[in-house]
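To start, the structure itself, in structure tokens.
Chain nomenclature is as follows: A, B, C and D, assigned in order of appearance, with residue numbering initiated at 1 for each chain independently.
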Amino acid sequence: MNYSLTILILLIPFATFLFNGLVGMKFKPIVSGLIGTIGLGVITLLAYLTAWQYFFVDGMVGGSFPKVIAMSMEWLRLTDALRIQIGILLDPISVMMLVVITTVSFMVHIYSLGYMKGEKGFERFFSFLSLFSFSMLGLVIATNIFQMYIFWELVGVSSFLLIGFYYSKDSAVAASKKAFIVTRFADLGFLIGILLLSYFTQTFDFKVLTGTDQSIFAQTAGVSFLGMSVMTWAALLIFMGGAGKSAMFPLHIWLPDAMEGPTPVSALIHAATMVVAGVFLVARMFPVFYFQAPDALTVISYVGGFTSLFAAAIACTQYDIKRVLAFSTLSQIGYMMLALGVSGYGGHEGVGYMASMFHLFNHAMFKALLFLGAGSIIHAVHSNVMQDMGGLRKYLPITHITFLIACLTIAGVPFLSAFFSKDEILVAAYEHNKLLFAVEFLVAGLTAFYMFRLYFNIFWGKETHYHHTPHESPKTMTIPLMILALGSVFAGYIPFSKLVTSDSMPFESHMDFGIAIPSVLIGLTGILIAWILYKKESKIPERISKSLGGFYQAVYHKFYIDEVYMFITKKIIFNCIARPVAWFDRHIVDGTMNGIGWITVTSSRNIKGMQSGNLPQYGMVFVLSAIILVLIFSFLI
Amino acid sequence: MNILNLLIIIPVLTVIGIVFTKDFKGARVAAAVGMTLQLITAVILVISFFAQRKAGITGEFLFLSDFTWFKTLNIHYSVGVDGIAVWMLLLASIVVFAGIFASWQVEYLAREFFISLILLATGVFGFFISLDLFTMFLFYELAVIPMYLLIGIWGSGPKEYSAMKLTLMLMGGSALLVVGLLGLYFYSSAAGPVTFNLLELSKISFPLAMQRFFFPFLFVGFGILGALFPLHTWSPDGHSSAPTAVSMLHAGVLMKLGGYGCMRVAMFLLPEAAQEMSWIFLILATISIVYGAFGAIWQKDLKYINAYSSVSHCGLVLFALLMMNRTSMNGAVIQMISHGLMTALFFALIGMIYGRTHTRNIDQMGGLMNVIPFLSVAYVIAGLASLGLPGLSGFVAEMTIFIGSFQHPDTFHRVATIIATTSIVVTAVYILRVVGKLLLGQIREKEYLEFPDAKWYERISVVVLILPIAIIGFYPSYLSSTLLDALNPIIERLTAML
Amino acid sequence: MLQGIPITHVLIVSSFMFFTGVCGFIIRRNMITILMSIELILNAVNINLVVFNKYLFPDQLQGHFFALFVVGIAAAEASVAIALIINIYRRLNSISVDKVNEMKY
Amino acid sequence: MDIASFNLMRNELILVGIVLILLIAEIFTKNENKHKLISMGTILFGVATLINFLPLPEGQLFGGSFQTTRITVFMKSILNMGGFIVFLQSFTWLKREENNGKIGEFFILIISTLIGMNFMISSGDFLMMYIGLELATIPMAALAAYEKFSEKSAEAGIKLILTSALSSGILLYGLSFIYGTTGSIYFADVVSNVGNNSLQTFGFVFFVAGMAFKISLVPFHLWTADVYEGAPVNVTAYLSVVSKGAAVFIFMIILYRVFSSITAVWEPLLYTLAVATMTIGNLFALRQENLKRFMAFSSIAQAGFILLGIMQGGQLGMTTVVYFMLIYVFTNLAAFGVISAISEQTGKENISDYTSLYKTNPKLSLILLLSMFSLAGIPPVAGFFGKFFLFTAAGAKGYYILVLIAVLNATVSLYYYLRVVKAMLIDKSDNPIATFKTPWPMRISLLICVAGIFFIGFASFIYQYISNISFGIN
């Protein structure tokens, strides 16, 4: 059982990146497009083979799925103990992520062939996509936390490049900048967390960190800062990194703006893969959190819960369809985080962990589907606000059907994939924390409501007449939709509890109808309300929003978080730190240097009287100084 | 014939050659040829050095050669290189090479320009190869002085003021150095005849009182060139007024003389004092890291931005040196090299952009990505390198420094490290601000559309700088391991008394 | 002869002369007078030399000779000085030192 | 004491001979070809300079009042070279109409001052030293006032003669007390009687004051600037290099040979003087516009640096000082050469007149640049070595703070030296000094100077030689 081929999973996308980036513009655009897509297809195949081999050919060793180091080379030796390895670690979650990423990425590649046709910088787009795939894959198969950090940064930058793809659009530039800086700020926490962790444990290696042997944490015993144990600090700081990438409250602000990027990018990066990196990070470090920093896990669960509610609320009020999807992404990731937070370790205790991974998998499918669908809608109507849409079902049949499927899935309608995962999450929450369970229960309803608000507004609602009739997108775009639709229907039947679990030992998970049925019901209620409000064009929504008044405004303006950030950055950082520093440097530090020069010159001007040109005065100075010297040296010394 | 002497002889011959050229075309060709030879020599040097190491020749310095100069004063011309110096020499030759091509279009007094530029380079090379502190100091000053003419004659903006300020401050630094060097020289009489020789000085353990007295002189003296807060103010003015190649050379190589000197002379020869006083300078270095980064945020002038970021990055070098463990010092040297390359790249690109837009104010530019993609992409790469993107040299350096410094047993040092890490965010802020304003967005002016993209010579100088950045970024372990070996003697001496 | 006069008295006289000369140099404005004050200083020196020789080292003549040379050289100095003063008088029609401060600072 | 031993006074005698020859020659040359005297004098002097390089046995004459050692011979050679370069530089100036009648005088006066200096340097007692000093000073006043019809020149002359007369009075007064307390004027005898006696210290300090006047140390420097400015350029050059050099040499020799036992007194004394001299000299030099005045203050500052070497009091000290003076001769004379060439051509002597000189006269301005760098002590030119070794000498005594002050002063001095460079290379001017061709003697002199500036620094054997022949307190 060797996985030597898995190295190609990293090399191929990197090669295509280099090719498209350096010489891509020399050829016809389609060439680079095809190269990128084919490359991705190949590694998708490889990923499936790997998954197959890992789960079903090699299978379990001693009742659990082993952590296989497929390949590992020393990249940089920092100290004798701390060496940065670049390698490939295969275990249930990384293999699962491989499958998810390659699938979605492949779909997006195909889709982009159609969607981006004729765009300026086609080859640039594909080289960036390859770069992203490369970094994301590198992230999930990291053997150690530092390798993860490396690819973490690369993911960040490729997201920056892709959001700012339309670089002559100022809003896009601003959005990309925001995304990068916010995540960078979060990464600072991650880095400091790594520093703490590596200082106390003297290792980066996941195998050691998440292994059963807890003795490596002996150093940390009793070390605490501001009343929290150092491991809690480390865990929280590392989670801060995760929260940044996964856009958890309050670091979520970059994600809605990130929708400035091309829609396939939103589908790939800001729905399916990169934004769940945070979840993946927590899952990857789960034993460390669970055994060393349980408080951190609690924090995570609350952050997740709050974010999911908060985002769902905002999603109900937005009109830009991509933003609605973005907020729903936030809310779903909140689910996953919460699930991890409430999870236990091992056996049925770890149902939350399993559920979170499960939901991650399904979410990737249906959210990518939703975004791609939104893309094809925008492609058709050249706008992405609901007001310009309505009754599109006639024009875009395939998009319509697939979109509907996705909406049903996310709404948790029975026997579609999300139904299962969401149920598991609710179960985990229920067992662990009733309050959070209640929140999630409510969010389930909200989700159903805003998704169908979206759906009805687009495909039903008022009969808009378009100056040129929308037409269904080309095959390159519709085929991925269908495939993903299949994915989001049937992904739920994968027996996750057999494959991806907290201690990688399978356990029996069973449907808990006590929780499933109410959640389905509340979902259906949400759908029903949406039906009433938005099926036909009606004045009711306005009236409701009026009646809610201030609250509605607050929600509509995303609780003014952006404004707060604006204030902090522009006013505090720029005006209250950078500007004074610049001033201080110019006037105080530099002023001192110039002051020295000034003093010299002035003193030279002031003593010029000594050289009066008058002979007797010369004589006087001469004699007096001679006498003074005599007094000093013959009598004082 | 010792290959190291070639590194001095070639530039001198080049200067003589330039004297006999007719016009600016001849001058620049002569300069280019000379510096190409120099680069080749440096590469050969590196290869043969590590070939010898592989052959098992241990001995801190190789290619030693020594010739007595002033016998009664026991001053020698003695050269030799260790694993750090060879890399520094390679860096210097790369930057000079790029600098020549970056200043291809200098026509006003071109011969004088190239002559002074290469004299400056001679000083740098001499500094890195010399083992005798007297010759080292001689070359140091030789490197500083042409700067005045280069900035004063071919500079822009308030050039006389900046040139004078830069020269006087650096000379003030060397004033401190003279005192320190003489101290070392005369206290070396404890073991045999007085000497300036680094190797022999490194065998002596000086009395603590003497170390306490002279360490600040040496460290600050070199520190000024290393832009140690608050003595960094020559750097913004100097860099912003200097012509392209000079900024490249100065920020890229000359500022490294400071860090190198701090390590090689101040800390290496006076270890106890270094251990004892490190905390003072550590605080200063930490300040300059954060302070430089914040200072860069507010600037409008591209060169000011880079000058301040250089302050920040060079502060990181001193910071890491003062941590005094193998990893951090290793990181410091890598940072010197990486910062040398990327800041040179920055200044080269700024010069090229300025040559087209005739302004360096970022508020008056925008959308260059549409018109000069090559330069813009290069600029983005430089920016990413300087904000520490994995796969480029900056990341390697910074991470080595941070991890290394954080291994320090003392809490104070670890806290300082955490403060220093915040600079990576601030760096990201100002780099992205520049990239956003300058390259992205709408095309600002109509005449941008006539801009030609990079000419062949510009491409050469850009590519020659980007390549090593990427190579170090991708495959740092060779560089890092060689440096670790080279650092051993220094570390041993530093930690001997702990 | 000088029998009975203690050396200190003579030295006091000479130093008095010396300082008179110095004050003359500083106070007087006429160059000729300044020259004369310098002569006073030199003569004070001569007195010193002679007296030291006479009182302390009577068995040798170094002081005397020195004094003789001083006198001679003083004469030479004076001659050149006066020539220059005349030159100044030709230029400025005045021999007051206050006139000769064209170059200053 | 046979006739052959007069060989010890070789240089002096030859110079006297030259003076005589010139006197006679002047009588028999008609007015229209007086200018032949210039080349004649120069050539004769050049020969003398060459002859003095020949080795000479050590020894003494007149019962020790005239002493010849290898170091004195070398010092005399330095002075000779300085004089020779000055002669080469003064060709065009002497060829002027109004100087036609006074060509002989110029040579005679300068050479006689040189004779005085030579005697002073090899003097073995205070009398000889005093005679030499006066012989070196009085003709100098006449030289300063050489330009009969220029008020400035006359003023320079009168200032020099009166102040120097005062100073020599003070010096003699000091000497008289030294004689009184030691009972001898012979160095050899004085040494043994020098002790810690306040009357003697009194005399000593007055003596130092008198010497300080000649070396123009602050606060005894006031005459310097005015005289330098007023005197003709070449005379100024001669003053600033040769007569200063002679004074430095004899001062050092006397300190080392006579007052070796009271270093405790003169080291702090020189410390004070050095600090004052460097600082004040620099501060004044900062704002000078007239180049001659500028050079005056710069030379004052340099004198301050020289004290660092003298203070060391050992063989190292004397070596560094002599070495520095050697370099200083070439450096300073290079600068003065350019200045005189330009003032001969255009009569301009202000820094502001030199703007963008490089455009029109690149060679001249490069030479000036070199000498400025050498004065500022910038490598690779010789000045760097000279200065660094002076600092080394001070360091050897452990005066690190003094070294720091000195080097900081050197930094300040760099500022005003760079001002000249800035004017020539950087500043733009719409009417720069027109391009002109310097006459060949000037070219030769400048060539010699540049060769010296470049060569002496690297030529360690010169330093070696000086170090071998010089002595110190032990």
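To be clear about the criterion, contacts are C-beta pairs under 8 Å (C-beta built on N, C-alpha and C of every residue); 3 or more make two chains touch, one makes a residue touch a chain.
The shown structure was predicted, so the numbers you read here are calculated from the model rather than taken from an experiment.
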Selected pair, greater C-beta contact count between A-D and A-B: A-B
Euclidean distance of C-alpha centroids - subunit A vs subunit B, Å: 37
Inter-chain centre distance, subunit A versus subunit D - centres from mean C-alpha coordinates, in Å: 78
Length of the line joining the C-alpha centres of subunit B and subunit C, rounded to whole Å: 65
Between subunit D and subunit C, distance of the C-alpha-averaged centres to the nearest whole Å: 27
Residues within subunit B bordering two or more other chains: 168
Residues of subunit A touching at least two other chains: 608, 611, 613, 615, 619, 623
Residues of subunit C touching at least two other chains: 22, 25, 34, 100, 102-104
Interchain contacts, given as pairs of chains that touch: A-B, A-C, A-D, B-D, C-D
Contact footprint of subunit C on subunit D as seen in their complex: 126-127, 130-131, 134, 138-139, 141-142, 145, 148, 151-152, 154-159, 161-162, 165-166, 168-170, 172-173, 175-177, 179-180, 183-186, 225-226, 229-230, 293
Residues of subunit D defined as touching subunit A within the complex: 158-159, 162-163, 166-167, 170, 198-199, 201-202, 205-206, 208-209, 213, 219-220, 222-223, 225-226, 264-265, 268-269, 272, 280, 283-284, 286-287, 412
Touch list for subunit A against partner subunit B, complex: 74-79, 82, 146, 150-151, 153-154, 157, 164, 167-168, 170, 173-174, 177, 180-181, 184-185, 188, 191-192, 195, 198-199, 573-574, 577-579, 581-582, 585, 589-590, 592-594, 597
Residues of subunit A touching subunit C in the complex: 608, 611-616, 619-620, 623
Residues on subunit A engaged by subunit D in the complex (per definition of touch): 600-601, 603-605, 607-608, 610-611, 613, 615, 617-619, 621-623, 625-626, 629-630, 633-635, 637
